[in-house]
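What follows is a single structure, written as structure tokens, with notes after it.
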Amino acid sequence: QQEVPGVSKTEVVIGISTPLSGPAALWGVTAAGAKAWADYINDQGGVHGRKIKVIMKDDGYNAARALINLQQMKGKVFAVCGLLGTAILNASRDYFPDNKIPLINAYGDIRIWTKMPPEKRKYIFIAYPDYEDEAAYIARYAIQKLNTKKIALFYQNDDYGKMALSGIKKTIAALTGKATLVGSIPHEVTERALGMHALKLKETGADTLIIYATMTHASLILKEAAKVGYRPKAMTTFTLGDPIMYKLAGDVWEGTYTSLPGNSGVPGSEPEADKVAAILKKYDPKIEGKEYLALFGAMSMIQLVEGLKNAGPGLTPESMIKGMEMIKDWKPQGIGAPVTYGPERRHGVNASRMGQARDGRHMPLEPFTIHKSHF
Amino acid sequence: MADICPWNHLRFINPISKIMALLEVSGLSINFGGIQALTDIAFTVEREEILGLIGPNGSGKTTLFNCISGVYTPDKGDIMFAGENLRRFSPDTIACKGVARTFQNLRLFLNMTVLDNLLLGRHIKFAKNPFHALLRIRSEELRHRRIVEEIIEFLDLQPFRQNRVADCPYGVQKRIEMGRALAMEPLLLLLDEPIAGLTAEEKQETAYYITEIRGRYKTAILLVEHDLRIAFKLADRMIALNYGSEIAQGDPKEVQQTPAVIKAYLGEE
Amino acid sequence: MAGISTGSIYALVALGLVLIYRSTRILNFAHGDIATAGTFFAFALLELGVHFGLAMVAALLFGALLAIAFYVCVLIPAQRREATQLGQIILTLGLGLILQGLISYFGGTEPQSFPFPLSDTKVYQFRGVVISQLSLGMIGVGMVVSLLLYLLVQKTRFGLAMRATSENLPAAQTLGLPTRRILALSWGLAAFLGVLAGLFLAPSLFMDPFFMLEPFLKGFAAAILGGLNSLPGAIVGGLLLGITESLTGGYISLAFKNSFAFLVIIVVLIIRPEGLLGTEFKERV
Amino acid sequence: MTQLTISSIETLYYDRIYALHGLSLQVREKEIFAVLGPNGAGKTTLLKTISGLLKDQPKKGTIEFSGKRIERLAPERISRLGIVFVPEDRGLFHELTVQENLDLGCWGRKDHQIQTDYEFIYQLFPILKERTQQMVETLSGGEQQMLALARAMLRRPKLLLLDEPSLGLAPMIARQVYDALSQICRAGTTILMVEQNAKLALSIAHYSYIMESGRIVLEGTAQKLHDHKDVQLFYLGMEQETAPAKGWRLYKKRRTW
Amino acid sequence: MDLIESYKQELRLIRKPWTRVWIAFFFIALILLPWRAPEHITFTLTIIFIYSIGVLGQNILIGYTGQISFGQAGFLAIGAFTFGHVSRLGLPWPVCLVAAGVAGGLAGYIVGFPSLRLKGPYLAIATLGFGIAVYQIFVNSETLSGGRMGLLVPKLTPLFGLSTTVFNYYFNFLLALFFMLVTYNIISSYLGRAFIAIRDNDIAAEVIGVNLTRYKLLSFAISSFYTGVHGGLFALLMGYLEPNMFTFMEAITLFVAVIIGGLASVEGSIMGAAFVIMVPQIFSEYKELVPVVYGTTILLVLIFEPMGLYGRWFKIRLYFQNWPFR
């Protein structure tokens, strides 16, 4: 039998490259979640007698370093899990098909894969919402359910924010005449003095403010807006579904509508999510307080484990792909929208649901809305 | 040391300037926020002449040098050099016209070797072809190298050739600076206290160099010096300043005896 | 008005930078990180239930000690081996990295809100101008501190010795100035100012390991704008930068706010290369 | 009484280049000592070594000041013992004003004679008084030299180390400076100076050393050196007076030492 | 000691026969490396080669001419995006690379103007402003930055049947070598001497006839040409560009590399580039402590070797020169 990199009788090695240091280090918690779940599985006896060994490397959110990390993992890992950052995903596009290493879930702009020829996508399995679809969904919810007439957007000045802008524009164009986009105010990731931005937003007179920004910036803008006496309905992207927001923004957060991700759950509001979060915390105490992100990361590992199980004892990249493709309408640990992979379908789940901040928790308001899967 | 000066034939001699003085300064004044450093200075320097410049401390000698070499722009007055007014030129253009100088508080490139310092003196004479730089074509370099080696020989700098300038003793640094100025093949050389800080023996050596420079390289020299014994010997003519204005000019002997000079500068012996 | 309160923060950061530059000619790249470390220290103490005032004082001291320790343990040995000025700047950068890592490790990378007795959301209105309690406090503290510092540095011989030490260390040593003590004190004072800025910024900007990055860069720019060797310049520069930013943000373009601010700085510098209030040093020969 | 005793010190640059080879000398209290020597003899190195500016030097040998070993001490410590060094480049603070430089010269002094000292130096160098608010960088070379000397005098040192004090001074001022030096020496300051203007130096020095390539080659009272033939030739330039007028001779006569 | 017989001999790049042998060995090792070493090392070295070009450029500016620039990220971005856009027009890579360099160089020439009046930290801030402006322009202009998806750049197709990684390795190796030789040539020519003169003493430089305006601008232009090429090569290797890749941190990285490697030294630049790429990489499994380890190595290197890594190398060489007779 041919030797498969990263696989032995007793072990299967999974690589994770993620920002553990630098300004994006917060997102590195996703990797901690994934690792904790792997440890939990190992304590359960592993998968087909194999323990999951995780190699975790820091890339500081830098594409070149991430590429080197991946190169270094080549020959040592069986699969890569939870890569983070659009630039990194883009730079490593060819790595996975070229080296026959499956990539199980990545966080970034998923549309970079839509342009790839399908045979090159063979090794890629993504369960991450599309920003544009989500923004379109938020705007639609605002117009249809909250009777919004004037929308303003506060967004991070990069691809992430810009996708939101185009999503909102799409909805407004689709629902002609129902509402208008009265302003869109970008901000730099580094700047935190947002007083000016708040004033500008107030000037637009929008009744609904959609926010595509980091937790810090979202809280800051809401606070600043409150200071100048501007209290629109706030609606935010799923990255802000974290209960930490209450700690940061305080009272102004109450009542904010926040979209929740289709591929993960909300610890604190859903028992299934709480169950997994408790396991994660047990295996990595540092997750305490960051359950939302950790769970988000762990979901990738749960899928990966499912793939390994399905692949059977004779583990090869091919069998892993088969195993992943066997996932159909499956809710990992009962969390999130159902995931489906297939030979023609690599974007396993693309769903959102609206939630609202109430009494220190983010409560889902409606069932998942499933968007079209992109590839 | 080769007997003929290697670069004499290169010299461009302007027929008009032959009758004119090499340097003709007139009405030169400069003021620094209330301090009148120079007032209405006028003098000429002929070709191959050594003009001594004396005066008590702070009388404006260095300032005069700075005006001529373009480091300061004078408030008033003209500096005619070989038929051109240097007043508004930048220091590097003035250097290209043929004025070289040394500094009272040495201004050498301390982290370079002696050789490189002298080669930098040749900078204005380089045919500056960037492709030579990029492709390492070194014919030009070698040509100048030869001239520089001659200067090194002339000034007895061989033992320090490849030393970092900062590591050379003060007296040697003075000589290096003179060599660097000499490498520019100047028509006019401004020397600011070239023999300060040397022993008597070395002073005489330097004095010898100075006369030799004039003799061999046909350079006119403007010389600032506080050691009067040497200065009076070297200079053909002399000019004395006090508080930025001229107090005497003419034959060294006469200047030495002018009461104003004795009062302001020499003191009663 | 928003401009003045951010400006006063920039000024506070700039003061620290100017203080170090004046006494050592080092641009302290760790300034922001020292401030962050101090703020996190205060936060940790508060979590332990320490009284706020006490925690604040402890944090200020902590920052100062950190900087002094850096000076004694890193800069002095490096100087003994004839480190260049640029090398020392990189040393501060190294310290910054280390602090950054340690803060992320011990303090966590997620943003946190910093409890502060002055409220950021409670606002006062003066003729249509809105200012929060916190900003008001910030402006007040900023002014008092800058005044004290100004008196200390400009009106005592300490300031003179500081400038002398920075300009010509061997000469200062041969004159018998206590150079080590002067430098250590300047590092301590500068860190003190930095932490103070951090403590006031944390409640309004949230606290994470990088929250001082932007104020640091802007403070740096403000210090240059005002003239690196002038304390009043730092204050003027800071306020001016804050106001410029809020004006360009308000009337020209939010997206190019930073670019415009820097454009203003460059134009000012081209007209006055030594900064607004800096003294020019022109070498003569 | 000897104040400074240097015994066989060796100073090296870059751990390889010897600048001082086992040099020894003594300086007696309240006297003026002159060190003469050609370029590169190591005179500057000697003074720097004493004042502690050369790190980890001297490599060998001892320096004793008033019975206390001071070799390899930090320059601040040495300075606080009362040794003041005026270096070749004058060691001024170029970005400060004349007044500020002088004030720094009084660092650590609290006695009431500061005022009289100021008067003394202003009388010696009247031009400094005119220039109190001027930035040092813009002073002329000679004025800077005066300032350096003035600042050193303000410190009221026990031992004054001067590197070429007459460098760049006009003859009249140089003589005045030397008179002032004798004066402060009588008032209780020991002076060790390196000087090229041998005639002036020997005129006020009590004792003097001649140094070449890192060693003392000749020593004696000022009078003795003054009468020495080689000293006359190489340092006092006596022969030059009688040299033939037609030109300069580049001579390299062998020294007898 | 070997005798030098003519000036020509003295001007040679490598004078001592033994040095030649060493260097030959070193190069042979580098050439053979991809066949022996694991692929990630080859890849890391490729990135180091690319960075060494930028660091060399930065060193010409900081180390040789003494002008500080914090705007290097701006030149990088300009180079990279020029490369990207030109290569999307379908032009071959040499043209694109030259375009990237020239665009960077032009920008450098313009940015050089403030340097005629500003010094030290003042210049640093002015150039920092340039870097930030370039970033904001790219972020806010979709035509320049290639839209919100970023700019996809066609990658190199490997020739001679080599694998992509190995081909990239040789490709960038040759380019880095080329730039290294060019740098040697520049700094040992009248140009380099003029740069050093400006750094050491600008007044004296002017008085001996060095035109400050011309040479400062030239130095900026040359340095940013290098940086532009660095950007272009980076684009070619990554195959993807977005403005976020060229932030202030990138400028700082180059700056650190110059100083850790050794100011004003070509070998030092290469070592510096290797340092900033390799150190965080080697410690990448230390997770959130990576900056701590990285910072500590920086401190250690600079405390014990203030002249940079090259200083250490220099000393080792001096040591072996008269080894074993010490």
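Just so it is clear, A, B, C, D and E label the chains in written order, and each chain counts residues from 1 on its own.
By definition in this document, a contact is a pair of C-beta atoms (placed from the backbone, for glycine too) under 8 Å apart; a residue touches a chain by one contact, two chains touch by 3 or more.
Just so we're clear, the structure is a prediction, and the values are computed from it rather than from any experiment.
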| item | value |
| --- | --- |
| Given subunit A and subunit C, the chains that contact each of them | E |
| Longest centre-to-centre distance from subunit B, chain (CA-based) | A |
| Identity of the chain that, by mean CA position, is farthest from subunit D | A |
| Among all chain pairs, the one with the most C-beta contacts | C-E |
| Whole-Å separation of chain centres (CA-atom averages), subunit B against subunit C | 48 |
| Interchain centroid distance [CA atoms averaged], subunit B/subunit D, Å | 29 |
| Subunit C and subunit D: spacing of chain centres that average the CA atoms, whole Å | 44 |
| Subunit E: positions in contact with at least two other chains | 136, 139-140, 203-204, 207, 288-291 |
| Of all residues in subunit B, the ones touching two or more other chains | 62, 71, 103-105, 107 |
| Of all residues in subunit D, the ones touching two or more other chains | 138 |
| Interchain contacts, given as pairs of chains that touch | A-C, A-E, B-C, B-D, B-E, C-D, C-E |
| Interface residues, subunit C side, partner subunit E - complex | 21, 27, 74, 77-78, 81-84, 86-87, 89-91, 93-102, 104-105, 109, 217, 220-221, 224-225, 228, 255-256, 258-259, 262-263, 265-266, 269-270, 273-275, 283, 285 |
| List of subunit B residues in touch with subunit D within their complex | 32, 35, 55-59, 61-63, 104-105, 167-172, 193, 196-205, 207-208, 211, 226, 228-229, 264-267 |
| Partner subunit B, residues of subunit E touching it in the complex | 7-8, 11, 13, 182, 184-186, 188-194, 196-197, 200-201, 203-212 |
| Subunit C-touching residues of subunit B, taken from the complex the two chains share | 62, 66, 71, 103-105, 107 |
| Contacting residues of subunit C [partner subunit A, same complex] | 2, 6, 100-101, 104, 108-113, 120-121, 123, 130, 132, 205-206, 208-211, 213-215, 217, 245-246, 249-250, 254-255, 257-258 |
